[in-house]
Every structure is written in structure tokens, then in C-alpha cells.
Amino acid sequence: MTAPTPPLRPLGARRRWSRLLLSLATLLCACSKPTTDEIRIGEFGSLTGGTATFGISTHEGLMLALDEINASGGLLGKKVTVITEDNQSKPEESVTAVLKLIKQNEVAAVIGEVASSRSLAAAPQCQANKIPMLSPASTNPKVTQVGDYIFRACFIDPFQGSTMARFAVDRLHAKRIAILTDAKNDYSVGLTEFFKATAKQLGAEIVAEESYAEGDIEFKAQLTAIKATNPDVIYAPGYYTECALIARQARELGIEVPFLGGDGWDSPKTVEIGGKAVEGTYITNHYSPEDQRPEVQKFIADYKAKYGGKTPDAMAVLGYDAMRMMADAIRRAGSTDGDKIRDALATTKDFSGVSGHISMDAERNAQKDIVVLQIRDGQFRFVESIAPTAG
Amino acid sequence: MIRRNLPLLAVLLALWPLGLGLERVLNGYYLQIAVLIGINIILAASLNLINGVTGQFSLGHAGFLAVGAYVSAFTSLALGLTSSVLLPLPLLVGGTAAALAGLAVGVPTLRLRGDYLAIATLGFGEIIRVIILNTNAVGGARGLGGIPTLAGFGAVFACAVLCVVALWRLVYSPRGSAFFAIREDEVAAAAMGIDTTRHKILAFTIGAFWAGVAGGLLAHFIGYLHTNSFTFLRSVEIVVMVVLGGLGSLTGCILAAAILTILPEALRFGAEYRMVIYALLLIAIMLTRPSGLMGGREILPWRSWSSTPAR
Amino acid sequence: MDQLAQQLVNGLAWGSIYALIALGYTMVYGVLRLINFAHGDVYMIGAMSAFYFAHWLGLADAPSLFGFVVVMGLAMLTCALLGALIERAAYRPLRRQPRWAMLTTAIGVSMLLEYGGQALFGPDPKFFPQLIASAPALRLGGAVVTNIDLLIFGVSLALMLGLRWLVYGTRVGMALRAVSVNVDAASLMGINVNTIIAMTFMIGSALAAAAGAMVGLRNPKIEPLMGLMPGIKAFVAAVLGGIGNFPGAVAGGLLMGVTETLVAAYISSTYRDAVAFVILIAVLLVRPAGLFGTVTVEKV
């Protein structure tokens, strides 16, 4: 094809700049080609966007584990490097991030993500490319159903939803329950289903079912409808940004009853945004900072030392545990071959994590305890711990 | 007839080895950019027909892209396609669905002009997106994954060439000058006996068809779709390409599509400033040279391509 | 029935916000025949600047009504200047160009504000300080009206009345109306059209900023892309009421807010945003002049 004749000088200049920048970019890309004397693990998460604290906390926990691993000699005699990609809290960016990690950075395995919908978006790519993926905190059962290369370090929502339902009915004696679901979120929708099933089984009545979408800021329409049904408690299994706002607006409307939620409420921002409105809320979660086990307290101390006195939340704990689980699997596999790592992960038994003893079951989900916490005086306080029942 | 179309055939023949050569030479990352350039060329050219040539300011092109992408993906998944040879089928289905959407948008907006038309098309684009978002059969808010990756550089290249050639033939034929007439002065055109209704609807339908084909290619290249990729912002990105290239110029569309696909990749390290640069670029073009790079002209005089003798 | 009353209160609160933003659109369209795409983003800048002023002046730690008024006033001033700047730099040079040029530039300015905002403020949502603690103020039937809702109603009403006085009770207002009717004739009559247009932008932007500050107070999550949807909805409200028509903008805004809330409450909240577009298409197809607009016939 004939080269276009540039009609103006500016066009020529623009072309030259593009070429210059493109070659610069090539150089940059060349720099990130893998060297053989290190082990590369990919991490993708929401470092920015609506659920930024999930990604940041996980990253911080993961980095703490990475420091410990490298300080004690690395893995298989090599240094371990983690390459982190931000997905801006968006599912389509998760796909791009994971593809970049696999194709460009040639990682041996991937750790990610917290949000189930974003894990679900990325998992098929990992599965298709035979790269093991370990999700630290995605609780929707569908994530590991994508394929045999997909694992998780946490419990799943059938357990979480039914536990909260049991707690609500047995402990709080709730008979009328209203539910407010994030309809665009797999995690929230899944939890709602499991909660409802158990709650109904136990004889409670679901008096209202309203929904909203992640990113909404106005919930009074739904809350007004809920208020009219006079519930004893409101179950809001969403993410902290919306849930804290929901609690605030509920109090403004004169709704006094306590909220119930899942691990999506766990964030330092919940109390910051919700203030007094979130006092009294009960949530199901992966760990409690009040757990007196020595490994938990040591982790909290190390985390505070590295991150300026911050108390770690559940995502930080799971990020830490996931990185260590991955390291443990690579050690047992004795190689960075995807299949071997996968097999090693699948046979994880009684791994001692900060979030509890972790054993991988046949569906590649972790069998672990669940804790119920309550927000009192601006802190998440331990209420009780529940072990998984068989099946 | 062969004689008249000799230049066209010559160009096509020259492009063939170029396409094959590129496919062999370029590797992963660069191939991906080349594919995206191809898709953007189709998008820019198709929007150019509506905005640049016929003068109908449409801001809803992402809607047609989305329809094509989702319908073709659904077709592939429903039929369980695995062979690249069968790619034309979902592409045609997607394109046709998008064309129908174009019809649905073009007909009601016939009476609208300028700003109102822009806003109405924007509205339609968003409505399409919200409908898809609420359709669980295509994944809803989680997105649609697992689409067989049947489209490679070859397919995209071929479609891009087909699209440009088809649109060129349409616009630079004697019938085609009707589109330009509508852009210049719709009332005068109607007074001259041009069926403005028919041509406007045709512009929307054909433009939407090609956008749908581009959507199908996108779906079958990446393998995953999410409505977040088809917002008003996407429509604006395509508008920027057409405006940068010069409204009405197909060559401009090709140039601008290439530049605006490479630019964000070259600027990866300043990722958060990418959109700011886009915006500044758009404003700068409008303030300094609103006629765009090519000023509405093509690189080759169109007369030698048409079937009428030179005037 | 209680529920309906509460839903109406919620709807009217948002309706007032849309009305304030819609007035800005309608004013600019009246004088320039331009849909100022960037207007919704001026609303966002209003919320953001109110946020920053509250922190810089230390008012975030000393919540008070006075503090909020100061912060809102500063935000309005900032956005008035911003509006004038946008007009001068991006729109004035294109006044003689075809319509699509100004529209495209407006889109460019909008994107610049949104993504520039993301780059400048960071893309993560910010939480507006509680300068006024929300408390129930009135109970009408079963509906609870909070003090913030009352503030919104009060301030919106005051601003609208102020605007009405300005446009119908002063010479400047008369000049503004003259420019809306016919730019050339107005300039022939000795009116400085450039000044009037600049003033129009300033007033419209100030109103949007007030809306932004109040939304920050009521729904404290603010972020650089927050202006997109309210901007479009307010524009639809202006079109619904009859673009160029002030009472129409107000009526359109209130109608928009109430309809949206009722749809979210009684149908599904996931269709809340779609309501705006459906109304838009319906209005454009059935009665493009809007509820209060005059139907003009294009003569050739």
C-alpha cells in the first residue's frame, strides 16, 4: 500500500513520537522477560477502585509472607518474585491482568482474587493455560468449579450463608428477616441463596428481598420498602463500600434493627464510613484479631511492625496464608511445572495457616473454621467460632 | 469491468502477502495490537459512514458493537463451534443482529437533528447496554466467558479489508454522493429528490452491521466479554478516531485507528493519564483543525475508482 | 401508604438536585444552543472542591451548619470560575463552527474533567466529612424527613428563587433573555454577548456546584466519575421540561427524581438508571419540545 503523504508537519512529528515511544515500550517489555534463576508468581487484585482495601490488604499480607520466604532462602534454592497487577475492581481488567501475567511475565502460578466475580472472570484463562490459580478469599462455590487448576484458601458460601442463618435464628432468635442483595455480584447472590435456604429450613420468615447494584449510592428506596415489613434483622451480604452506606441510610430512615453480613464487610473502611450506624452488626469472617493462638499473634505483631501499627484484616491474613500455601506446594512439588504445583496444592493437608488449619478437599476448597464477629465500639470483636460439619 | 476495477484488484493483491507476512513476523504482543488496529479500523470506518459521510451525529456506536459481540458469542457457544473456518457464521449473525439494532435506532431518530440526535443515540447505546447487563443468558453482570477464540490476525485483516473496500465502493459511487448531500444540507437534498429517509436508515443499518462484525471479531479474539467495555466511553473513543482522521475520509479512519490503538500501548507507563491525553487530543483537534488529519479527503482521487467517467 | 410518602420524600430530595443541575443545562442551551456535556462533571468538581475545602479549612473536624455553608459557597465560587474558563477556552473559539464541533469539544472537556479528576484526586471514592450530622427532623405521616433533606429543599428553593429574580427582575437578566432569543439582535442592541454568555456559564456552574456539595453531604461517597449519570439525568430532566425553559427544568428535575425513586422501589433498582433514557427517548419521539416548551416549526 502506498505510504500516505503527510499533509502537515504536525502529522510527521506525531508519527515520530509514536515510533519513539513504541521503541521505548519495546525496551521496557524486553526488560520484564523472565530470568531462569528466580521463581515468578503472579498476583492480581483490586488495588484501586470500589473495593480497593480488599486488594491492598491481600497484597500486604502476601508481601509479608514473601519477605519471610526469601529471608529463609527462597524456594528450591531460588529467589521468589511476585508480579502484581491491578484490575481496578473490574472483571474485564482481571482477564487482561491474568493474561499479561501468564503470557508476558510467564509466571508459574497465580494468586488472586478476593471478589468472586473477578476470580470467575480470570479463572477460565488460568485453566486454559494450565497455570494453577489460588484464590485467597473468593467464597462463591463456582470459582473452583471452573477447573482442576483453580484452588482457594478459604471456605465457601454454602457454609458461610448457612452459618449466619443458623446464628440469626438460633442465637438472635430472629423470626422475620429482610435481605438486601447486591444483584450484580456473584458473591452476594450466592450467599443470599444459601442463607435463605437454611433460614427457611429453620422456620424463619423472609419478609423482604430487595436488591441494589455495586456502585450505587442511594438505597433509601429499597430500605423504605424493607422498613415497611418490620424485620427483626437485615441480612446484607455485600461489599463494605455499599454496606456501610446502607447502614447509614437505614439509621436515617429510623430503622434500628441490627445488620448481618458476610466477610465482604471486613475492611478498615467499614467503621470509617459507617460510623455509629454499623455498631452492633454481626458478620461471618475468616479470622479474629482476638484469636490467642501464638501464630495469629505473631502474624499480627509482624504485620503491625511492617505496616505502621495497622491491625490486619481477614484479607491480609488470607493473602499471607495463600502465599505460604503456594510456597509449601512448590516445595513439595519440587518444581515450577504447572501440573506438579497443581498436584501438590490438591494434596495440601493440615497446613498451619494463621486463619486456621487448612486442608484441601476434593473440590479444591479449604476446609476451615468460620468465626462470627460483631462490631462493638468501632472494632470487630469475636463472638464465636464454628467448625465445618461434614457435608 | 475487470479493467475499471484493476487498481482495486492490484491493491488487494498487494495486501495479501502483506497480511501473511505480518502474521508470520509479528509475535504475541504485537500481533494483539495489530488485531486491535484492524478491529478499530472497521469501527472507525463504519461510524464514519454514519457521522462523517451522512452527517448524522451518532454517539451510540458502542451499542452496535456490543450487540454484534454478544450475539455472535452466543451463537458460537450455543452451536459449540470449535473450528476457525466456521467463524464467518457467528460474524454474519452478529452483524445482522447489529444491523437490526441499527434499524431500530435509525428509524425513530429520523426526525431528530444535531444535538438531539446525538443524545438520542447515546440513550439507545446505554439502553442496549443495560438490557445486556440484565440478560443472564449472556452472563449479565459477571460477563460472558469461554468464547472459542476463532479469530486470529488473518480473519481480522480480511474483514478490515472487506469493510473498507465495501464502504469505499458504496460511498464513492454515484448513488453514494446522496449521503454527502444529506450531510451538506438535508432539506436541499430532499428538494433534489433524494430519499433522505432511505439513505439515513441505510447509513445506520450498514454502519451498525460492520460494527457488529467488529464486535464478533473482538469476542472471538479475546474470548471474554463484559458490558463495562461497551459504555458511552467506548463510543467516544470511536468518535475520536473518526474526528481525528477527518469526518468523511476513509483513509483518515485507517490512519487514526492505527495511531489511536498504538498510542495507549506506547504510553502504558502513564496509564492513568491515557484518557486525559485522549481528551486533550480531542479538544486540541477541535480547536486547531476540526477537519482532522485528512481534511475529509482521501489519499487517492476517488474518480479513478468509480464507474462514471471523470467529470 | 407510609411507604409511598417516604419514597416521595426521597424522590423529591434527588429531584431538587437534578433540578439545580438541569437549570445549568437549560441556561447554557438557551444562549448557545449547546448541550454542555461537561456540566455533569462541573457538579462533580463542586462536590470534590467542597470536600477539599472542608479538609483544608479544618472544618471536617468541627462540623457545623455554618461550616457547610462556607464550604458550599467556596465550591460554588470555584466552579463559577471553572465554568467561565471552560467557556472561554473551549467553546468561544468554536462559536462560528458547525454544531458538531462544539458538541465534540464539550465531550472532550467532559472527559478531561473526569479522567483528569481521576488522575488528580485518585480514582478511589472519597468520603465526604459529616459537616452536619444527619438526624430526623420531621415526621410526615410515616415518612421521616432528615435535617439534610430539609437543607436540600431549602437551599434549592432559595437558589431557584434567586435565579428567578436575577433573570426576570434585573437588567442583566433581561440581557440574558435577549441573548437567548436572538444573539445577533441582542448584540446589535449594545449587549456585550461575550460577557452575558460567560455569566450564564458561571451561574449555571455555581448551581451545579451547590448541588454537588449537598449530594456530598447527603450521600457521602464521592468519586471523579460521579457526575456522569446525574449529568445525563439532569439533561433529560431539562429536555423533559422543555429545554431553554426555567420552570420546565425545575419541574423536569423533580419529576425525574420521583419517577426514578418509584421505579427503584416498586419495579427494580437495577433499572433506576435506565429510566432516564427511556424518558428521553419517549420525550424526543413524542413531544421533543418537552412539557413546557413551545413547539417550533422549521421553516425552509
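For reference, chains read A, B and C in written order, and residue numbers begin at 1 within each chain.
One rule holds in what follows: a contact is a pair of C-beta atoms (placed from the backbone, for glycine too) under 8 Å apart; a residue touches a chain by one contact, two chains touch by 3 or more.
Not measured: the values here are computed from a predicted model.
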{"item": "Most widely separated chain from chain C, with each centre as the mean of CA atoms", "value": "A"}
{"item": "A-B against B-C, pair bridged by the larger set of C-beta contacts", "value": "B-C"}
{"item": "Centre-of-Cα separation between chain B and chain A, whole angstrom", "value": "38"}
{"item": "Distance between chain centroids, defined by C-alpha means - chain B, chain C (Å)", "value": "34"}
{"item": "Multi-partner residues of chain A (at least 2 other chains)", "value": "183-184, 213"}
{"item": "In chain C, residues with contacts to at least two other chains", "value": "123, 270"}
{"item": "Shared interface positions of chain B, touching two or more other chains", "value": "133"}
{"item": "In the complex, chain B residues that touch chain A", "value": "11, 14-15, 18, 28-29, 133, 140-143, 145-146, 222-224, 226, 228-229, 251, 255, 259, 262-263, 265-269, 289, 293-295, 299-300"}
{"item": "Interfacial residue positions of chain A with respect to chain C in the complex", "value": "48-50, 52, 88, 183-184, 210-213, 216-218, 220-222, 224-225, 227-228, 241, 245, 248, 252-254, 272-273, 275"}
{"item": "For the chain C and chain A complex, residues of the former touching the latter", "value": "2-3, 6-7, 10, 14, 122-125, 127, 130, 134, 136, 144, 146, 219-221, 226, 261-262, 264-265, 268-270, 272"}
{"item": "Chain B partner contacts - residues on chain C that touch it in the complex", "value": "33-35, 90, 93-94, 97, 99-101, 103-105, 107-112, 114-116, 118-119, 123, 228, 232, 235, 239, 270-271, 273-274, 277-278, 280-281, 284-285, 288, 300"}
{"item": "In the complex with chain C, residue positions of chain B that touch it", "value": "51, 57, 59, 108-109, 111-112, 114-116, 118-120, 122-124, 126-127, 130, 133-134, 187, 232-233, 236, 239, 243, 272-273, 275-276, 278-280, 282-283, 286-287, 290"}
